[in-house]
Structures are given as structure tokens and as C-alpha cells.
Amino acid sequence: MKFAPRLTACIPAFMLLTSAGLAHAESTLRIGLGSDPDMLDPATARTYYGRFVFSAMCERLVDVDQHLQIVPGLAKDWAYSEDGKTLTLNLREGVTFQDGEKFDAQSVKYNIERYLTLPGSLRKSELSSVESVEVTAPYTVVFHLKTADAALLMQLTDRAGTMMAPEATAKGNVAAHPVCSGPYEFVSRVQQDRIVLKRFENYWNKGAYHFDKVVFLPIPDASVRLANLRAGDLDITEGIAASDTATVKADSNLQLASTTGLGYMGLTINLANGTANTNTPLAKDARVRQALSLAIDRDALNQVVFQGQYTPANQAFSPASPYHADIPVPKRDIEKAKSLLAEAGVKTPLTIDFLVANNPTSQQVAQVLQAMVSEAGINLNLQMTEYATLLDRQQSGEFKMSMSGWSGRPDPDGNIFSFLNTKGGLNDGKYSNPQVDQWLQEARLTSDVEKRKALYKQVVVQENLDDPLVYLYFEPRIFGINKKVTGFVPYADGLIRLQGLALNK
Amino acid sequence: MTVSVISVTTSLPVREPNRVLRKFLRNKSAVIGAVLVVTFALRALLAPWISPFDPIKADFMAVRKAPSALHWLGTDELGRDILSRLFWGARTSLMAGCVSVIIAIVIGVPLGLIAGFWQGWLDSVISRVVEALLSCPFLVLAIALGAFLGPSLGNAMIAIGLSAMPIFARLTRAQVMSIRNEEYIEGARAIGLPDRWILWRYVLPNVLSPILVQATLAIASAIITEASLSFLGLGQQPPDASWGAMLNTARSFLEQSPWMSIFPGLAIFLTVQGFNLLGDGLRDALDPRSE
Amino acid sequence: MLELVVKRLISAIPTLFLVTLMVFSLQKLLPGDPITAMAGEERDPAVIAQLREQYHLNDPIPSQYFHWVGNALRGDFGTSLRTQEPVLQLIASKLPVTLELSLLAMIVALIIGITMGVLAAVNKGTWIDNGTNFLALSGISIPHFWLGVLLIMLFSVKLHWLPASGYVPFSEDPLQNLKTMLLPAAVLGTGLSATLMRHTRAAMIAVLKADYIRTARAKGLLPKMVIMKHALRNALVPIITLTTLLFGELLGGAVLSEQVFTIPGFGKMIVDSVFNRDYAVVQGVVMVVAVGFLLMNLLADVLYVLVNPRMRRA
């Protein structure tokens, strides 16, 4: 047949090509994410998953270590003034951005001002205490604050403190090609398929990073993500489902790493948002809410839905946070719940409309709750809603009770202020307690850890009496890793940090 | 939704039920299909009486147990008996299938009749709308409608019904147009018989056979679509049983508890297959040209 | 012929207009504000209000629609609210994926469908006939998402033959690309093969009964050759027209397969965008799919007329 000679002639060429490829084999780390990140511009980004990419691609003024303590980043050291209204940062020298620009105090000023003034910037509220940024020396920058803000430094460990290359960013269309100063630079992105980064050759700490390329692969389906890991198509993945941990542990090619996260899940109760849904015993009488909380067996919930991997919760601060208040989670007490309801003069069964997001986990939790609280005479009417609709209804007050969570922030203020403060932006239930407001404000103003702990503990105690938010559980961060990968350390904020990671051949 | 290009018939097989029945019974696949459908319908209707357990009541002691003498098909993630949930899920599927198809027929057939019989500008408008609806990917339309109306079984049925309507409209129109020019129709109009009477007495019976066939196939398609919508989180909501929703939750436990995925999947397959075979058999039986 | 084509193209315009109007209205009626949905956790009311202004989301709905149409006519389909990427660019990047998946699925469907159809027709009435029909129907009756997950478990996790999900562009690595597309194409293709099989069977049976076939048989040509040469060639005609119709359907229909196998095609994008209320993306994609569908219909009609000039268009 005619084509065979040509084909055989191709073979040596083919072999040459593949061997050439093998000789220069790039080491690539493939990371699985639970969802496609949104815009790769720290000013407008809002997804949790985007932070994974920023962690590899960019650098921040300061960072956190494993124990959520603040450590130097692009700033070598820092100091607050006596009154807490000035923050001075001394910057690292000799750092360049991925396009060759020099990093200095001017770059910091540019970035912070951009976060404060760019229309559509979601960092404005995070940096709301910043009045102005002043360059006092080539590598020294001073933040002038409107009020003392203990949470500011923590904000600078996240997107609000991410430094982009000023010239490249000023050109516009940042999300299409972000330019930062981190160990890996942006190569390409296909929406909902992959984000590819390659090693930044002039990174100041190049030696600590052992991969040539990093590829992020968003795979929304947890079981498909796991299948990829097991098939060897992923090296690391975040978001291993609780029910899959046994499978990962049993697989000799994989290792499991998990840590308590900072996020929680709870029941938001509409106390005062609009009048249509707040004329109920649930909204008006704290005893009814306490009864609800007492009717829930958080341990059993953890066992049934999460195979015991999650942690029961009664506050916003998880055990991973230094501000976790040492108050035991109440055990289920049906008798007390019933008597509280009787005291409040409620006729059982009490029906509560319950808004739930229509994903399998939330639905499971909701059904378990429904079964549990029915024994105390509370009848939960489950209303499964699509996520976008749920957010809408929560904001506009079209709900009586809704199940919603928070992914968690390292600084305690970020976990509680917006939810409980009267003017909090995420306070959908419109809870308002002037005493709590005062404690929350005070906790913002001081950097003294002990003082803040005491204040937050008072808030937690009060919260457990008022029960505007019934906390259910803290979510762990569970990672599945190929055995060949060494050096992985799980962080409580759930992000994968690439420093020190290596592939064992 | 599978496109069914229905061949147009011109005689009146409805007048010869015996012949149709005999042809049907000779077709083994068709009979199998009929048996599957009848079994499914019986299970659905008798669910409250034949289910060994309460399909909704959670039992935390029996979470994800393998099939045993007590729970023939095992239990699900909340300890509920899968066999019972399959029976109740059959009710959901039966309703989803029948109601959505009824909606599709009730809206689609009259539109098709009007378009086909009177033609003119009415035809143009209706055909445009139908074509526009058909150009939209069926599932996308169902999803958008489902999201708009809110996740629930009722809304899913409306969504599926509306998405399936165009096919019935188009089918009816084609059928009507082919009959319209027949002599007896022209004769009837010439005598002065009112159009409505002609439609009712002559046109509609002729349209019935392909519609019946299409309806059976549409029920099959609707059942899968309802399962798909439940799979995506729209459609029947927990704790009520739905085969699609059961498959959705079963995905997280594919390896640990395979029985959670196998049985609902099988149920869907057998039921839908039954309707498809039945529809096929009906088409062959009603087609006067096959022997 | 040309007249037919032009007439149909012109009549397609109001249909397209209707499609976009319908989809737009439907989306606008969906509860949930896209900006809030996008902002998710990081809801800052001031920022949300400002973004709504920027994207004209506070304008009355009809004016929003005409704003969109005006831009669309100039080739600007807007940008994705989620990632700021221009919709046209998004579509251009996903189109080859969906086209490839549709093409491969079509090939699978044709191979399975035509083979089974011929088998069934030649052995009409026997158990082979019934058996192939049963098999073909199974393709439609099995829920794709279920089949997909099961296949992933078998071929990727247990056997390690194929990748579990994801996509590699053909230009980058042809072999890997085919590997990633194999399972989803197979799942989609089996669904389509039933319709193709049945039409092949019907067409073949009709042709086999024709006089000229009997003549060829009488002439003493081998039965197999008779079938292949004369019958199949003629039976292929309606099959071709059906294929073009189905292809049009495929363009938008791979929704669930793409979801399960994480193929970055249209189907997945539409669903995600509907749930994210990313209006511009849904509009753009539905437009493209509708155009594709209408073009395929036109192609099918043209082929039909070409082949059978006795057919009068109603």
C-alpha cells in the first residue's frame, strides 16, 4: 500500500521529537479547584477560588503562617503609631514585577489608591479606614487612617494587600493579563477549563519553588475531581468531600491532609428585615430561637452528613482562630426546647419557612434538621432555592429563616462585624443590639489580642442568648494529594501555598 | 429531546381498532414496552400501599446500608428505604411525564390545527414562534423556565410542557396540511359545513395517531428531562422522592454505596425504554402501510 | 433553488429576532440580580449599586433589550459579567470545542446507527431486528449523566485508560484531545444513534422493496453487493438530511454531558450563565446556537430538494 513508506519514514523523526520533549521535561503541578475563579484582578475579584491563583501569582504586603500569625511579605516590618491611626511599613528591596518594573513605595501607593478609587472595586470596604497613603522614602510607606483599625493588617494579607505592576495595570484590562510579582506569572486562561502559570525567572525567592509550570483546573463536581486525582490527572485538589475521605485514605497513591477551616454554616433568622416576614414568634421571641437551637443535635448532624469530619459550632470563630471563645457547644435538649416554646406561648407544631440552597449537601443538612426539630414541635418547611435567588431573597428580606454560611476570614472582625453590627453590610436578618455594636466597634480599634478576645467573648455569649444566627458547624479544609508530592502543609484559610512543594520522582 | 420525524398518514386507522390491536400484539418489543409501562404505572399508583417503609422519614441509624432482607434495595444517605423511594419516585415521574405532555398537547395541538387549517398570516406567526422555540436548545429552555418559576415539581412540569409544545404544534400542522387538500374535506367545505365541525369530525381523528405516538415518546423524554432537571437542582425537591434527585445525591457516594445509583438509574432506564418501545409499537401498529 | 435559499434566509431573520427576544425576556424575569449573585459573599451595597448603573441594569427592560440589539448588530455582544471577557471571544473559544464534540458524537451515531439500521432492515422481522431496535432505544432511555458518571468510574478510575475529565485542544495534543472527547462523544452518540438507526432501517426497507432492486437480484448479482451498492446509496439520502437536522440540535444539546465530563463547551457555559444570571453570555450563545440550528435546517431542506425535485415546499 502506498502510504506505508512515508509513514515509516516519519517514525524516526517522531521518536526524535518525543525524546527531545522528554529531555526538557517541564515539571508541572496540576491543582484542582472546586469552581472557576472569576476576574483575575484583585480589585474586583470576589470568589474564594480566585485567591488560590493570586496566592501563586502575586505577592501581598504581609502574609499569614500556618497558625494565622502575620508574617512579612513584601513588607519587611511594620509598626502602628501610639494612637493606632498611622501604620508604617518598610518594604523589601530588590523585588521586580513580572514585566520588569521595580517594586517600591510608589507601587504600594498606586495599588492602594486603585483599590480605594476604582469603580467596581470590592476592596473599598476592606480598606475603609484608610484616609491616604504617603511615600516617605523609596522603600517606606505610611498609611494614614481615619480611625484605629486592628483588622487592617489582616486585610493586607489578602487581595487588598496584593501588589500589581503599576504601569501594566494602568494600561487597563487587567483581568485578561494580570501582572504581579509572585513566583509564577500568568500565561493563559480558558474560562471554565484551565489557568496556566509559568515560573517567573526573576523572582527574588526562586529557590523555594520547584515547579516550572502550575496549572489550575476548575472541576465543579467533587466526585469527578476525585476521579481525576485518582487517575493521576491532578496532583493536588482542594475540596475533598467528607464522604470521600475514606476513599482517599484507602488509595495507596494518595495522601489526605486536612485542617479545621475558618468558615462556618448557620441559620440566618430574619428579625427585622421588612415587615412581611417578621411578624412571627421566631422573629420576635428569643426563646423560640433558643428552642430551635436546642432541638438540633449538632453531633448527630456531623455524623450523619459529614462522617464526623466537621466540627459543631456555636459561634463565628472556629477552633483554628486564636479568638475562638471557650464556650461549650450545647448538647441537644428536647425537653428544654419544648418548655421554652411553651413559655413563649407558642402553639406547636410551629411552622417555619426555611430557605435552602439547592445543592446536595445543603439539602441533606436541611432534611436532617427537619427530622430533628420536628421532635420539639417545630415544623420546617423546606424551600429549595437556586443560589442567585437565595441571595436576592435574603437581601430583600423575603425569608423567615435561611441557611447560609461564610467562608471565613483570618481576622475575627471579618467573621462577625458585617453580620451582627446594626449597619453591617451582610446583616440580612437586621439584628440590632447597641451593646453588641459597641463591643464590635471597640474590638476594631485596638490591636491588643487579649482585649479583643475578651470583647469577642462577650459578643459570643450575648449572641447565644439572642440567637440571631444559629451556628451549625465549622467546615474543615480537606485536600487530596498524590503521594509523589512532598512538603504540603494545610493552612486554615484553605489556600494552597506552593512554597516548598516538590514532586518526588 | 429526540427529534421524531413522523411520517404522515392519510387513511383513518382509528376506525379499525381490532386490526391495530392484532398488529400491536404480534410485535414482541411493543408488548414488552406495554408491560413495562403498565408495571410502572401500577407501581406509581399503588405506591402508598406497597411501600414497605415511609419514603420521607429519615432513620439515622440505618444510613447507607447495603441491600439486605430488611431493605431489599438498601438505604440512602439519610437512612430511607430505597425501594419505597423508588415507588414514590415513580409517582413523581408518572406525573412529570403525563402532566407535561398534556400541557404540551393542550397548547401545541390547537396551535398546529389553527396554523395548518387556516394558514395565512396566523400560520406565519405561529410557525415563526414555534421555529424560534425549537431553535432554542430544549434543555436550556427547560432550565431557564425552571429557574424562573422556581425549583419544584409543578414548575418543572410546566417548563417541560412548554418546551415540548413546539414539536406537537409542528407535527399537528404538518398532518393537518396534508389532509386539508383531500377531497372529502374540500367537499365538506363546499357544502358549507362549518370549519369547526370539520376540524372536530374529520381532521382531529386523523391527527390523533401520530399525536398518540409522539405523546408516548414525549412522556419518555419528559421523564428523562425531569430527572435531568432534578439532577441540576431544579424539579422535585427533597425530601420528596424523585429518581433524578436520588441520582444526584448518589453521585457523592458512587463507590461507597453503589446501590444508591444503580437502582434509580435502572428504574429510569426501564421506564423510559418501556415508553419508547410502546411508542414504537404504536407507530408500527397504526401505520397502514406496514403489513 | 437560489430563490428557495434566499427566501428561507430572509424568513430566518424574524425567527432569530424572536429567539433573542424570548431568551432576553425570560432571563430578565428570572428572580435574582446578577451583580448580587456574582458578588456572592463580598456584597458591598455601594459597589453593587454602582455596577448596576454601569451595566444599565436599572434601565427599563425594553430599553435594555434594544441596547443589546443595537450593539449586537454592530458585532458587540457585550462582556461576561463574571469575568469581563467579551462574549464574542468567549464564544469563539468554546465553539471549536462544541463543534468537535458534536462532530465526534455524530460520527459515533452514524457508525452505530447505520450499521444497526442496515442489519435490522436486512433481517427484518427476526430477533436481530427487534434486538437492534431495543439496543438503539436504550441509547435514548439511559440518562446521560448517569451513564457518564459510570463510564468515568470504569474507564478512568478503575482502568486508567482515559482521563476522567477536562479537555485538551486538538492543536495542542491530538491524541490526548481524542482521549478526553471519547467518553462524552460516545455517550452523546449513543443517544442519537437510535433515531438514525430507525430511519436507516425504514429507508432501507423501502428501497429494498423497489423494483430495480428486484431486477438486480434477478440479474444474479450477489445479494450483498446488491444491498451495499444500490440500496444503501439511495437510502443514504434521507439519512443525510436527518443528520444535518440532528447536528443542529447537538450544538446546544450537550449540556449534561459537558457538565459531567467538564468539557468547556457551549452547553456547560449556558447552564452556568443561567444560574449566574450572566445575561450577555446566554444571549450570545443562544443566538449562535439558533443560527446554527436554522442554517442546518436550511441545509437539510436544500439537500432534500436537490435529491428529490418532485417535492414541493408547502
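Should a chain be cited, it is by its letter among A, B and C, assigned in written order, with residues numbered from 1 in that chain.
By our rule, contacts are C-beta pairs under 8 Å (C-beta built on N, C-alpha and C of every residue); 3 or more make two chains touch, one makes a residue touch a chain.
Heads up on the chains, UniProt names are C = Peptide ABC transporter.
What you see is a predicted model; the values in this text were computed from it and never measured.
Looking only at C-beta pairs that count as contacts, which pair of chains has more of them, A-C or A-B?
Between the two chain pairs, A-C has more contacting C-beta pairs.
If you average the C-alpha positions per chain, which one ends up nearest the average over all of them?
Per-chain C-alpha centroids ranked by distance to the global centroid put C first.
Report, in whole Å, the distance between the mean C-alpha point of chain B and the mean C-alpha point of chain C.
Each chain reduced to its C-alpha mean, chain B and chain C end up 21 Å apart.
So the centre of each chain is just the mean of its C-alpha atoms; given that, what is the distance between chain A and chain C in Å?
Using C-alpha averages as centres, the distance is 38 Å.
Between chain A and chain B, what is the separation of their C-alpha centroids in Å?
Their C-alpha centroids are separated by 44 Å.
Enumerate the residues of chain C that touch no fewer than two other chains.
Expected reply: 30-31, 149, 153, 259, 275.
Can you tell me which residues of chain A touch two or more of the remaining chains?
221, 223, 386, 389
Where in chain B do residues touch two or more other chains at once?
Touching at least two other chains: 147, 150, 251, 254-255.
Report the residues of chain B in contact with chain A in the complex, numbered from low to high.
57-58, 60, 63, 77-78, 147, 150-152, 233-234, 237-239, 248-249, 251-256
Would you tell me which residues of chain C are touching chain B in their complex?
Chain C reaches chain B through residues 11, 14-16, 18-19, 22-23, 26-27, 29-31, 130, 133-134, 137-138, 140-146, 149-150, 153, 191-192, 194-195, 198-199, 202, 242, 245-246, 249, 251-253, 255-256, 259, 267, 270-271, 274-275, 282, 286, 289-290, 293-294, 314.
Applying the document's contact rule, which stretches of chain A touch chain C when the two form their complex?
Residues in contact with chain C: 38-39, 41, 44, 46-48, 119-122, 124-125, 173, 175-176, 190-194, 217, 219-221, 223-224, 227-228, 230-233, 386-389, 391-393, 395, 406-407, 425-426.
Mind listing the chain A positions that touch chain B in their complex?
221-223, 241, 243-244, 246-247, 300, 303-305, 358-360, 363-364, 366-368, 370-371, 382, 384-386, 389
Residues of chain C touching chain A in their complex?
30-34, 36-47, 50-51, 54, 80, 82-85, 90, 93, 149, 152-153, 156-157, 160, 163-167, 259-262, 264, 268-269, 272, 275-277
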